[in-house]
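Each of the next two complexes has subunit A plus one other chain: subunit B in the first, subunit C in the second.
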Partner chain A sequence: MEASSSSSAAAAPSLPPPHSLPTSSDQGVWADASPLLAAACRDLQDGELVHGENFSLFAAMSALEIMDPKMDSGIERSGYNSIEEAIEDGVAPVPLSLDRTVDVQRSIDVMDHLFSCEATWHKGHTLAQTVFTCIYLMRMERTSSHAVLNSFCRTLRATCNGVISVVSTARTHEEEDLFTMSFGLPLRDEQDDKCLSILNSVEETISRQLRACKAQALSKKKTLEDLESLQDKPDLEEDYCRALLCRLRFRKHFYHVVMSMRKPHGRGLELARKHVASCLNELSLMLKSREFLKSQSNIMLQDDENCTTASGCQPVGFDVSLNSRLLSPTPPRAVKVLSWSNAIRYFEKLLHDLDVICALSLDPVLENVLHFIVQFQKSVPDLVPRAFLQTLLVQDGKLYGQNLFSDVISRALSLPDIIGDKEFQMNEFVVQLGQLVINLLKILCTNTAWQRRKLGKSLQDWSTISIQLELALKREFGETRNVLHHENMCMRVSKQLLIWTQEHAYWVASRFLTLGFELDLYSPGEYCMVYWYMYVVFTKLIEKMQLRVLASNETSRRKGKKKKDHSKDSARDMTFSSSCLLLQCYVLLSEGLSMMLAVLRNESRSCQLPSIFNTEQERFMQHFDLLQKARVPEHISYYSFKESSSRAGITDLVKYNFFKEIQKITPSLRGSFASEPEKLVELRRIEQVAEHNRIALNIISQVGPGDPSLRISFEFTHHPHFAVAIVKRS
Partner chain B sequence: MSAAATSRGAPSPSPASGPGGGDGEISYVSYGGEQHLPLVMSLVDAELSEPYSIFTYRYFVYLWPQLTFLAFDAKEGKCVGTVVCKMGEHRGTFRGYIAMLVVLKPYRGRGIATELVTRSIRVMMESGCEEVTLEAEVTNKGALALYGRLGFIRAKRLYRYYLNGVDAFRLKLLFPRPDPGLPPMMIGDERVDQQIDSPYL
Partner chain C sequence: MEGSSVPSQAIPVSEDYYCNRSSAPADAAGSSSPAVAKLRKLLFRQMLIGVNDGRYFLGLFHCIDKQGNIILQDAVEYRSARHSSPPTEQRCLGLILIPAACRSSCQVDCSIEEKMSLLCLE
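Take a look at the complex of A and B:
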């Protein structure tokens, strides 16, 4: 403090201390600094600043301006300073109304709003600003006399806890920070363990009441005997029973889904699936109850778009600003609670995604696992299902918590003999590769934006291991290329490991490149180079795949396998050749598109981007920087691209029609994929892209690619990664 | 802090010289001192969603006054657009960063934003920057087109980058290397990884 170093806090001892000063203690003496600050202010000229030595303009940026509504999250408050104050003011009464019918209505509104809040939380907001804006949840003990609400809230809270633990274990990144932050909220107490038993007994009471209602309707008796009614209007009893029951049952089954899916080794998946089905059933009953609840609400406060309850009424017992001061000192994030209908849709999607996970066969074949995750991500699952999938796949460093990753790798190398082999498991390369596979599985479960960045970076690791393996091979076995008759097992395993590693580097690279289309990272002017790079990577991927299969066939031939094994091999070869052919389609599509774009550039100068600051070369380097650094593949540079694209001409392109070639391959694939519907869908897409582009190419060649009236644009109407050329003439 | 700024600041693709905009002459000036600060602040505050404190503005305009430009409607003497940037060492690379770019709505579509940002980038290039980065909302077609024309690529997508929950693109412009003798990929190998998220780290 430059301006004030001469004076000290003790400079004003004569003034009486203000009342708000804490009393002095052994730890220190408190003094009022206001006179000192006032004096310092008088000394300062306009534009001057008092600061310490460690002050920098950079550090100053993290300052938040108090009382600026854009920055100060504490400013937007309801006027209540504490939950207790809000409760005293009657914001969250228990019971919710002295009129028993209104009490039931309001309880249902609270449940519905909590349901919408829960979905909003899953969609990436904080628990404090969503579920925990409910005062009943914040002070659970207050509702102990209100069994319906209490059991609902407890089960919800226990479920939230379970979900938080899955998401924190998975660490899917980016959103999970906000998701799992609990800000010291009352997330559980001992009684939460018993939440289900309370819920079950409440459910039992209401369902008995519902049965009684039905029986009474049949026998036309006047009063309900023995049983205590839910509320005071007998003609509404049945509908209210139904509305409450489906909500309570949804909570129960969803709790079971979360708990079963968390069981180790995927042991609870089958049970979870049953509860998923029950949840979906209860959701549809909740939707059905909407008509009745709407008809009973007198005041319609919210329109359907913003309506967070089925009845359309504003719920009691919530205060959005009470927790705002708990949040970290960052500018406030706007939270708009999802509407009740959107929350229903969210949960339906969530449950379908969870169902797909539960149906997983715990197949230990890595290729199938990778395929499953990629397929799963196509439906754009939210954070919660992705976290569940990840925690299922990788548990205690093992696949599904069961299979050592070294065994997963030896299975992938088609070396079943060395499964469980200690030497193989301990091999430093195998250990490192196992770790890489774990990381790969985890990365593939993250959101696609984060996933692509992490995949790009992991390429370096795959490539480093490839290089080390290659060096080790040369060191151990020399440069000899001759196939020795007694080539030892160790060398063969090392060779196969190397090919497998390279193959996966190309697999990662291909996913990295194609995800760029899904994330909209390429502009049309860059498609030519992107497809060219994809063509190179897919070609290499096929090559490595073929080498791997050749090597493993050789191993099995040497062993003189029995006949039974041979039939197993040929089944595997079939699968292999169909995946190879599918890749071949990608190669042809990429090459065809790249060449078509190159022809258009060369002959019509379209799709070219002149820029004042840099050239296409810089854009190439930026897009493929990570692949180039990882040498995926080697000896590839902007010049290779330039060379092949500058030679592209329409005559050659028409002569060797890539799109027609695809149409020769697909019929045979149709048969091999007969039992795999999602692959058939993919095949259909490929065919459509090929057909549209074949026609487009015909038109272009007839008109002449240099024709100035040609207008060509590219759209992703048939496949997310492969564009279709739209040709128009102006 | 984030540079949500670049977003709404960019011109809309439609040629909109609406009421008040006129087509009078625009003059461009480099940041000239404290008297310009309120002009920059009120423009950005009015047009962009992300909140910035006065310290944020001071950080930029005090340290890199040569990278801040203002556009004035010559006839009315009104400030109608501004660009605020920084540059510095970033993981072994000397990099420029465009923090805020704003043009008043009636003046969009006249190339003012392009002119402002081009002036800043030119200074960055002359000062030895190897690349320029910024973030823009994925939905801001106008800004994306503008930067695309200047040679920026969409290097990555940042999930829910803005306080309003919208994703951002990290845009990057790589300048050509001064030494054409060396194959660029050889140099690329030695470059330190520069992919990180915060422009301030």
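Take a look at the complex of A and C:
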């Protein structure tokens, strides 16, 4: 019953097949077809194929090519056919060495490499090719005698499991669906629930040993008999204890972070935050231990940039190719494991991002939630923190798992008395809008490219609902516009809902447009139309915002509020007016930039960009097709842009200096944003863009935009979305 | 007729593909040698192909070109692993292309009588 090995199969082409393989028919035998194949191939014409009726060349192109290193994941590489073979060959010994000092050293290397693998996995590779290249992790039961390694691996595995469940719940992994695939790996067993208790007892033993070492160093005593040492070299004991402890503690705290953040209703956030702080502390201790570990490793195998362990040694117990077959039939991807120092950096960023999420106040005001996500996304968080944020925001179809989205909407409409109102909650528009808001929150948690695409598509839904609302409003209440006194509650709610919906459609559109800058989707020749469209969208956004606030003021006045509410109202008005003014700055910046670019195009030959491949109108459609289809805003087309830009002239532009206008607004905003540092930063950026562009505009008008020596370029040095003109004369 | 042949086509194996393209156009009628006719009869049969690194692929014979590159349908990969049970590890791959260069053996499933007739071709 011996299957033929590779060498013999190659040597004897017509060897009988291995007995373990099935034959298809009962009476069938395997007949050697090689001579027939050879003869037939000789007779075939060049380019001729022998195939059946169902053959299509196109489908044949997708066949997996065997022995192609880029396609065939089953290709023989390591020489081990199974984990057992590798183990038998001594790839993953337990204990890792008979020399106890070396055993500790190697254990630390395994931990470090696993740490790098975990970061690589988070960055979007498969679990099978990263963390689970570790044979100790694949055969957990083997390490049961090695408490240190066993507890570490179990906790790591349980953490991976927790992270997978968060990411697959959030489904923020977009294209990287590889992240959650487990390929039938041994992801958990019953003992994983106890992983913490084992880890705690190991930690306790080592920390006792560390204390003993310290005490011994103080009292200069020779040995401490009652405690079992970690390894055999007493002078190294303390450092090894420290190196192990910080690694074990990091695992423990990180496990707690993941578990606490998964608690419903954000109940574990406060606790998670404490563990995040502990994790960061242990990370710094891990970095500190590096010097000692390096000094103890005699062989330097890897240079710092590729080295996946703190000591610089190659870890034992890993085999990259063992799992590659599990990934079938996907083409094998080469995975480069992050270096240990990069992994530390990754985890630092991850923990900082998680800390930001944990500090979230569970504020039910939608505007603040949206602002928070946008702000959070500015730091370009990776997949894992984005998934955590999303699962926190949307749980069981409720905001933070506690607020119905219908209530979130009614709060946004400033209609507190309909919060919890059953009729409002059941209203089909409110239900649909609630779903749209859920989608919006989920989309905002995805990566920038995916987010932009989805936002663009969701615009259609927003506009459909606002059209339906408008129609319903007309149907129910007719065209009568001047019946303010007899307006009933229902009509007021409908009107406000409409305005709110439109406002959010414009908000989505503005985010869609600005994300294009972050993704480098616009070429300088298109800035003019992009800023023009942004100007239009921002203007509409302000308009809807003002309408909404006006309407809600109306409501509160109508109700004859008590005096104590007035202070609350004025505070709200303050925040409203400041956010309106901030928007006004964006309007002015966009309009100013768009006009400046239009003037340059109209009056300077150097700035006229030739379009070889497509016309300006085609490019307009390519960029704004989704907005146009959703009619955001209505009655806006390429021709409206063409008309307004063709009229732009330098004299008008200088007369109505948009950038100067901004500088009039910003001082008053500075005061109202005093308590919000990130808004102050934004304000500072706006001021810088305005100032630079104002100066640039002055120079251009002095020289004359038609001057051939003028060289103008645009750079995003001060703001990611608003360019600064750089003027040079050649 | 089942198993019609289409001229000017070859299974696109990395390097052979382009060589083929540049070669002279094939006779539109296709070959009709007895060997080719016999081979055509084997289409859709179970075929077991061994490759250089010791693996076997079992699948339905789907296509072959002049260079001897074979496409199998619904193929399963078998590899011998000393320690796993059952002793051969298998996984489904679907449509695969086995380049002639790495093919070390090729067998078809047939009755004993057929086996004789296959042999008698030589």
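The working rule: the second predicted complex is superposed on the first by the 669 of 730 C-alpha atoms of A that agree within 3 Å, B and C clash if a C-alpha of one lies under 4 Å from a C-alpha of the other, contacts with A are read in each partner's own complex, and residues count from 1 in each chain.
By our rule, a contact is a pair of C-beta atoms (placed from the backbone, for glycine too) under 8 Å apart; a residue touches a chain by one contact, two chains touch by 3 or more.
Keep in mind that what you see is a predicted model, and the values were worked out from it rather than measured.
Asker: Once chain A of both complexes is superposed, is A:617 in touch with subunit B (first), subunit C (second), both, or neither?
Answerer: first
Asker: What's your read, subunit B or subunit C touching more residues of subunit A?
Answerer: C
Asker: Using the touch definition from the top, say if A:57 reaches subunit B (first), subunit C (second), both or neither.
Answerer: Touch partners of A:57: subunit B and subunit C.
Asker: Can A:457 be said to touch subunit B (first), subunit C (second), both, or neither?
Answerer: A:457: touches subunit B, not subunit C.
Asker: Just to be sure I read the superposition right, which of the two partners does A:65 touch: subunit B = first, subunit C = second, or both, or neither?
Answerer: So A:65 meets both subunit B and subunit C here.
Asker: Now for A:364: first (subunit B), second (subunit C), both, or neither, which partner does it touch?
Answerer: Touch status of A:364: no partner.
Asker: Looking at the overlay, does A:88 come into contact with subunit B only (first), subunit C only (second), both, or neither?
Answerer: Second partner only.
Asker: In the superposed arrangement, which partner chain does A:521 touch: subunit B (first), subunit C (second), both, or neither?
Answerer: first
Asker: Taking the superposition on A as described, I'd like to know which of subunit B and subunit C A:706 touches: first, second, both or neither.
Answerer: So A:706 meets neither subunit B nor subunit C here.
Asker: Please work out whether A:35 is in contact with subunit B alone, subunit C alone, both, or neither, and reply first, second, both or neither.
Answerer: A:35 sits against subunit C, while subunit B stays out of touch.
Asker: Can you give me the overlap between the subunit B contact set and the subunit C contact set on subunit A?
Answerer: 47, 57, 60-61, 63-65, 68.
Asker: Flag every residue of subunit C that touches subunit A in the complex, lowest number first.
Answerer: 2-14, 20-21, 23-27, 30-31, 33, 35-36, 38-40, 42-44, 46-48, 50-58, 62-68, 70-71, 77-84, 86-89, 91-99, 101-102, 104-112, 114-115, 118-119, 121-122
Asker: Once bound in the complex, which stretches of subunit B touch subunit A?
Answerer: Those residues of subunit B that touch subunit A are 1, 34, 51, 53-56, 58-59, 62-63, 118, 121, 125, 138, 148-151, 153-160, 163-165, 167, 169, 172-176, 183-185, 188-189, 193, 195, 200.
Asker: For the complex, give me every residue of subunit A touching subunit C.
Answerer: Against subunit C, the touching part of subunit A is residues 1, 3-7, 9-10, 12-15, 17-18, 20-25, 27-53, 55, 57, 59-68, 74-76, 81-82, 84-85, 88, 325, 328-329.
Asker: Can you list the residues on subunit A that touch subunit B in the complex?
Answerer: 47, 57-58, 60-61, 63-65, 68, 70-71, 124, 174-175, 331-334, 447, 449-450, 452-453, 456-457, 519-523, 525-526, 609, 611-615, 617-619, 621-623, 625-626, 628-629, 637-639
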